[in-house]
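In the part that follows, the structures are each spelled out as structure tokens.
In the two complexes below, subunit A is the common chain; its partner is subunit B in one and subunit C in the other.
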Partner chain A sequence: MEYDRILSDLLNRDEYLVVGKKTVRLDALDKLLGKARFTSDYIPKNTMTVKVVRSTMPHALIKRVDTSTALMVPGVVTILTAKDVPGENEIGYALPEQPFLNDKKVHYVGDPIALVCAIDETTAQEAMEAVVVEYEPLPAVFDIDAALAEGAPIIHKENNVAVKTKIRKGDIAKGWKDSDVVVEDTYWSPYQEHMCLEPEAAYAVPDGVGKVTIIACMQSPHLVREKVARVLGWKLNQVRVIQALTGGAFGKKDDTGPLISGYAALAAIKTGKPAAYIMDRSEVLSVTPKRFPVRFKYRSGADGKGKLTAVEVEITLEVGAYANRAPFWLWRQTAHACGPYEVPNVAVDGRAVYTNKVYGGSYRGFGNLALHFAAEQQVDKLAYELDMDPVDFRMKNILRIGSRTTCDQLLDNSVGIDKCLAGVAAASDWAKHREPVRIGTKIRGWGVGCAYHGNSTSRSTPDWSAASLMIHGDGSLTYRTAICEIGQGSPFGHAKIVAEIIGCNLDSIKIEQPDTDSTPDSKPTHGSRGLMMGGTAAADAAIKLRERIIRVASNMLDCPEAHVELRDSQAYNRKKPSVKIPFAEIVEEMHIRGENPASYGFYTSPRRFFDVDTGLGYNYAVYTFAASVAEVEVDTETGQVEVTKIWPAMDVGKVIDPLMVDGQIHGAISQGIGFAIMENLQLKDGVVTTTGFKDYIIPSALDTPEIDDTIVVEEPYKHAAFGAKGVGEPSIISIVPAVVNAIHHATGLRFSTIPITPDRMHKALKEAGKK
Partner chain B sequence: MKPLTGFSLLRPPTLVGALEMMSTLEHAQPIVGGTDIIPTFKDLGSKPVHLIDLGLIEELNGIMEEDGKILIGPTTTHTQILTSKVIEKTAPALHDAARWIGSVQIRNRGTIGGNLCNASPAADSAPPLLVHGAEAHICSLEEGHWIPLLELFKGPKMTVLKPNEILIGLRFPTIAGASSSFQRIGRRKGFTLSVVNAAVYVERKDDALKEARIALGSVAPTPIRAPVVEDKIRGKKMSEELIDEAAEACVEVAKPIDDVRGTAEYRKDMTAVLVKRALREAWRRTGGEL
Partner chain C sequence: MVNFELNGAHVSFEAPATMTLLDMLRVELGVTSVKKGCEQGECGACTVLIDGYPMTSCIILAPQVEGRHVCTIDGLAENPLMKELREAFMENGAVQCGFCTPGILLSAYALLRDNKRPSEEEVKTAIEGNICRCTGYVAIIESILDAAERIAPD
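For the complex of A and B:
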């Protein structure tokens, strides 16, 4: 099923109606005016407040939890501990090592122990401080080397390795023999906090007869339902989960959604009262998952002609207290280890290591941001070693149709990285910027970064998505998807796909908030799959409904089906366009003729596979590609780095909306720059010390560089609706290496650790005698 | 972050009323914009009892030029400072500093008195006022007195104000042929605390420094002056060499610490850079050449 062609044949239009065109999102105005409702907006005043008593020790046995004094605080409704969990006391994502409430052992400062339910926040706070937890402290480990050392304290299991990965491609020994130049380095990529504007919030209402309704911010209502039902010991149909508009997520709320919903739901069913749990900013920063820190040891080789010969990587992922998404994260890094280049001989070994710190989790780019920070510097270094232009060197090795990836996946469609790279090189006048320029106390330099990112699930996990569509008597439509609106606009992209296929007006479609009682399971909003998988399910639902509309319309218009055109929520005969029938009339006729006005769309990704022993196989359905050039200015007196301009390019398969592609790229540039030069989560003895916007600095609008027009490459993915691929995650990946390589171009300094803050830059310049 | 507990908000219309409240009520705390105080309450979970809003007292607000002195009321907002032609002309460093305090919203609410009484070592309004020789008017119901601004600061987040006292005014002289400059390093371009800041004041006589004053922020428990360096360069002929000498000498004066915003070493080195930049700019602003 080659969707891009099927659709264009089916629609038979010279030009698409809405796909590929700039449109104002249906939700834009409400958000702009502050009318959009987020979770907290649904919580009535005087709702019972839930607060979480958390571990103050990084690693300890729990000897006793005494709630008796706290229960006596006036206004306390109840205090719940592990023994009050009716179902399984387990909430781990990949591995079953994460208790919902801890009663035996704590693994980091922030581990949940008890839920305080009280009439208001002040009372809950007072009671929380009165809960006594007695610990028997255990030795704690705060870095990967300490965790791997012989005789290290055991966090969950012997040797503290949660999971391992491996790739063996070609013959690595031959690869080194063929190499004329070899570069080696060790890179460290730290935590990054998401800093969603909306802190986590969940509201749960019990109905007293074995059902609870949850409204919360999240990225997958069906995952939340599954996890909460397990904790409650209930069936899936007893838990109703509604995703409220989510004020920023970036992956984090895929991880926190089940936790916060579980706290509110357990409190609600245990007390019989509606319950609200709202995190404050310091709690978000201290205890919720961050981008996983990781160390890469890289060795890369190339021959004298500039062809990559070998890449060997050792990946040590720091997972923190719980593995959470680590197996998938580590696999992504392993499978993308060479960057978007063809390398014949590859050896990658990865391991994910526990420490007693806040744990890692999903974050835009899922492993590939850190990976490309390292891999793209390796490629840059090889180019310099060979005295080749960094763009030319990349071009010689870049993935094309017919290339094989790090894990030996043959690419037979949708590979546009060469066009992205050529595009940004031309737009930025790359060839003219080969010498850094001194301007007063500043030096200006230019760098390039490339990236690729597999769409959909890792480790060849089967992937599918669903959607539903209903046309009403007045011709308006209800569209349902469990792909969540988290700011990115994916559901609106689906609506555009539907509007294109059905020929209805865009504003005649109402996108419902995901609700597990009525919305089909579209699987999570993660893995760059929201548009590529979810949008294709939307197309499936729309094609089915279109067929019925066309059938009825052709009869009403008395013309062959092939002559029926649908647009502006009307049907007409292409050969005789003067007679138009509004959808309202067609829908009435559909009912009379027994044509179902509702349709269910379902889409399964082609089966993938990989060999566990070699790591080789068909790993990802398709890849999104990106390239960027960055211009930076480094103040050699102060060490301050300013990113002054970015030239972005992306191969997105097919643009559904250029404004939304730009929106993703512009946001990614800011977040990427933050990670590269600014954001610095700090911990002391396992305790996060940067607990708010004041101390954890992210870029502001003033720090946003000039952004050149996006170069959009459209190499359609043959199995997705219109050929569209994911944009939001891959858009950030090339930014960090472009900035870091530009900093090297300006200063001659390589940074193997980020962020490159002014004090680090100043120190490096001083040591290099370049101040 | 802790929930804010209940408190009484009192809004006296007169200074006497406010001073009476300060001397009779226990745990009374003046407030105007609340941009520092409210987050502090939440961070520390402290329980304010009586907040005395000084915002209605007209005589505490505004900027006046009188008998060769600039008078600034403590409830004057950063936006008022930033948009004052008088300040821009007579104390350019203070104008420079106001531009970088918080965001537009913070500058609209936050006040110069609050910025000083919050006694952050990184307060951006302190170094400019210090180099302009500002004095602070401290008043209780019983008495009022002027002290040099430097004496207001006792330590991080600590002032010499007694529980019954309020800062009711600031003043500094206007001198012909003088100018000043303020420089800072933040961790991004705006909306952020200074990692280190510095202000320099100069009076020029031909090509010589008739008077020079230097103040540094975020390099000690309080904003500080650098009198040793000032003495070294006062009266000297201005030159790039002199600027370098002053900047290097300031590094010895700075006694910073490592914190989440930056390392001590970085702060020391940046003291030199900022002093250099401020000296050059202040000198140029007097019409001096280099």
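For the complex of A and C:
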């Protein structure tokens, strides 16, 4: 099905009612009045507090857990350990190596061992300190080389490699023969902490016999349900999960949602009391998943005419204590290894390696941020080697319709990267900025970054989403999706799609907070699928309901169905627009005629051939593309880098709301700048030592650069509603390479690792004799 | 016993000496518009106005507000300046997850109350202590400048 055509035929409109227009989000007013409720706002005073006793050793066998003294602390309700887990003691995402509560071996400082349940925070804290855990320490490894070394301690399995990936395309030996220039480098991209403003919180209430209700922050209520049911040994329908408004997530809460919900739920059913688990900021920083650190060894070649000939990459992903999302993360990096360019000969080998540190997890851009940090510097270097303009060189190799990706996937629709790149080059007056400019102690430079990001699942793995819609007797509607509102506003985007198709007023739709007892499983809010998959399921539900409304209205209006127009929650005959029937009357008639006022939408993405052995074939259903130009000023005295201006461009398929597109892009620019020059998670012997906003410094309002108007390219994706593609994740990917390339332009220095802090810059300038 | 004024109403509360103002407001008095983001005085989510000035309530002890006026956004729901700010935030798309929003509104309110036409730099400085991880601040800064324009057109 070609959704954009179906929808435009169906709607018979040249101009859309709400899609593509600026609209005020339905949730904005509640949030501005302080009336929006986040998880901790639901928790009544005096609710039993849960705290997690965590490992203080990076790698050790657990010899004994003694809770007897702790249990005697007045006010302690109970203390739960692995033996209290009624179901499977397992919570791993991809691989079954992550116990819910550890009783045999711990793998990092922060591994959960016991849950203390007490009447209040202070009591719980006191009891927690009284729990005795006896360890037999094992040698620990804190970096990938140590983990890969001969005779290294075994964390989960021999050689510490969790998974491997591989792509072979073309003939790499021929690629090198065809190359006139070759550049090589090793890059290291570190941890990044999400720093969601809202710390994790979960609240669980035992609900009669054999049922528990959980309210928590998360990104997929159905994933939480599945994981919690497994730990409890219960059926899915015994666990009711409600996603509360979530105060920022960026991937983090896709990973922490099941953990925190599990702690609260187990405590609630074991004690028969409502239970609350709330993390404090230092716990969030110390123990929860981060952006995976990774090393890339790159070798890239081009011929004298400026055509890319070969790319060879060795990826070593540091997963930390548990693989978690690593198989998917590593594959994304493997599959996007060439960047958004056509390269005939490719060899990529990836491996994900365990260490005894806090583990990696989902984070906006999912692997592609680090990947493009490296890949886009390689491309820049080749351009400089060839004495070509970095934009011209990119343009010569950029993916277009008919190009083949790293995975040899033929791109046959929705490719707008050339327009993005041309757009930012023009807007930034790129050609005029080919020389850095010195202003006092500062040097100003300009850099460019391009990016692409597959939407939804990889390797042609099935992906589907569902949504439901109900029109009530007064014509108002309830929309249900399990795609979560985590700040990005995706469910509101769905509501706009629904309003466009049904012709109802936008504010006549209430979006229900996701609740597994009533909300269809839309699959998770991740992988750039919230709008593209979830929004298409919404469109499917809306199309079905629209057909019924039209059928009834045509009867009531006594005109052919094709003449019925739906607008402003009314139906009328396009040929005789004076008579309008409000939706309330139509719904009444629907009931009488036996037309179902509720509809269920379901969407499955297309699948084609993919060869897992070579890593070639139809990989992602569609890609979002982005390009940015960054202007930076480097102070050669202090080493301080300031990003002064960004020109962003993005091929989003179709804009559902320009305010939301800008919102994602602006937020991503800030997070990208943070990662490139500020954010610096520190660990010592496997322990995170930067545990707050004070030492893990992220951008404040003062670090906001000037941002030019977003250049929006619309190359619709033919299988999604209105052609829309994911925006939130891809928006961050081109920022980091644009900034590091601008820094190089200003200083002549290449940085193979980030953040480029004043210290690092200062040192590099000194070594280069530029100071 | 702490006696203070909360959004215009007198409150007496038996607060333990170690209880923070934030906990007293959120847990004991049910004012959940004040958010807890760090308890380290670093994120600004817990911002309240004390005698009109923005302060982070997580690092103030409850007894310290004895005799003071504490104001949260609940107390400014009908305030004309706050209404302009809300309008501007909505129109510019300055709200995403909304967790930072109450704190930012209070900092912005205090700024515009005392400085009708702030420069962009002054706006940035006024909300420097309010971290927002979602919006990248651009829409927030624009909104505050817009609201200023509306309350004091040239």
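In this section, the second predicted complex is superposed on the first by the 767 of 771 C-alpha atoms of A that agree within 3 Å, B and C clash if a C-alpha of one lies under 4 Å from a C-alpha of the other, contacts with A are read in each partner's own complex, and residues count from 1 in each chain.
We adopt the following convention: a residue touches a chain if its C-beta (ideal position, glycine included) is under 8 Å from a C-beta of that chain, and two chains touch if they have at least 3 such contacts.
This one's a predicted model, so the numbers in the text were calculated from it and none came from an experiment.
Engineer: After lining up the shared chain so the two structures overlap, which partner does A:694 touch, if you call subunit B first and subunit C second: first, second, both or neither?
Structural biologist: After superposition on chain A, A:694 lies in contact with both partners, subunit B and subunit C.
Engineer: In the superposed arrangement, which partner chain does A:125 touch: subunit B (first), subunit C (second), both, or neither?
Structural biologist: The answer is first: A:125 touches subunit B but not subunit C.
Engineer: Quick check on the superposed pair: does A:682 touch subunit B, subunit C, both, or neither? Answer first, second, both or neither.
Structural biologist: first
Engineer: Just subunit B (first), just subunit C (second), both, or neither: which does A:281 touch?
Structural biologist: The answer is both, since A:281 touches subunit B and subunit C.
Engineer: Subunit B or subunit C: which reaches more residues on subunit A?
Structural biologist: Partner with more touched residues of subunit A: C.
Engineer: Touching A:757, do we find subunit B (first), subunit C (second), both, or neither?
Structural biologist: Touch status of A:757: first partner only.
Engineer: After superposition on the shared chain, which partner residues are touched by A:449: those of subunit B (first), subunit C (second), both, or neither?
Structural biologist: Once the two structures are laid over each other on A, A:449 reaches no partner at all.
Engineer: Contacts for A:702 in the overlay, against subunit B (first) and subunit C (second): which applies, first, second, both or neither?
Structural biologist: A:702 contacts both subunit B and subunit C.
Engineer: Does the superposition put A:390 against subunit B (first), subunit C (second), both, or neither?
Structural biologist: neither
Engineer: Just checking: does A:668 make contact with subunit B only, subunit C only, both, or neither of them? Give me first, second, both or neither.
Structural biologist: A:668 contacts subunit C only, not subunit B.
Engineer: Based on the A-chain superposition described above, do subunit B and subunit C contact any of the same residues on subunit A, and if so which?
Structural biologist: The answer is residues 280-281, 692, 694, 698-700, 702 of subunit A.
Engineer: Applying the document's contact rule, which stretches of subunit B touch subunit A when the two form their complex?
Structural biologist: Going by the criterion above, the answer is residues 1-3, 5, 39, 43, 45, 185, 187-193, 195, 260-263, 265-266, 269-270, 273.
Engineer: Tell me, which parts of subunit A touch subunit B in their complex?
Structural biologist: Per the touch definition, subunit A meets subunit B at residues 121-122, 125, 280-283, 637-640, 678, 680, 682, 689-690, 692, 694-695, 697-700, 702-703, 757-759, 762-763, 766.
Engineer: For subunit A, which residues are in contact with subunit C within the complex?
Structural biologist: 22, 24-25, 27-38, 40-41, 45, 194-199, 245-250, 280-281, 486-489, 659-660, 662-663, 665-671, 692-694, 698-702, 704, 707
Engineer: Which subunit C residues qualify as touching subunit A in the complex?
Structural biologist: 26-28, 32-40, 42-43, 45, 72-74, 77, 86, 89-93, 95-102, 105, 123-125, 127-141
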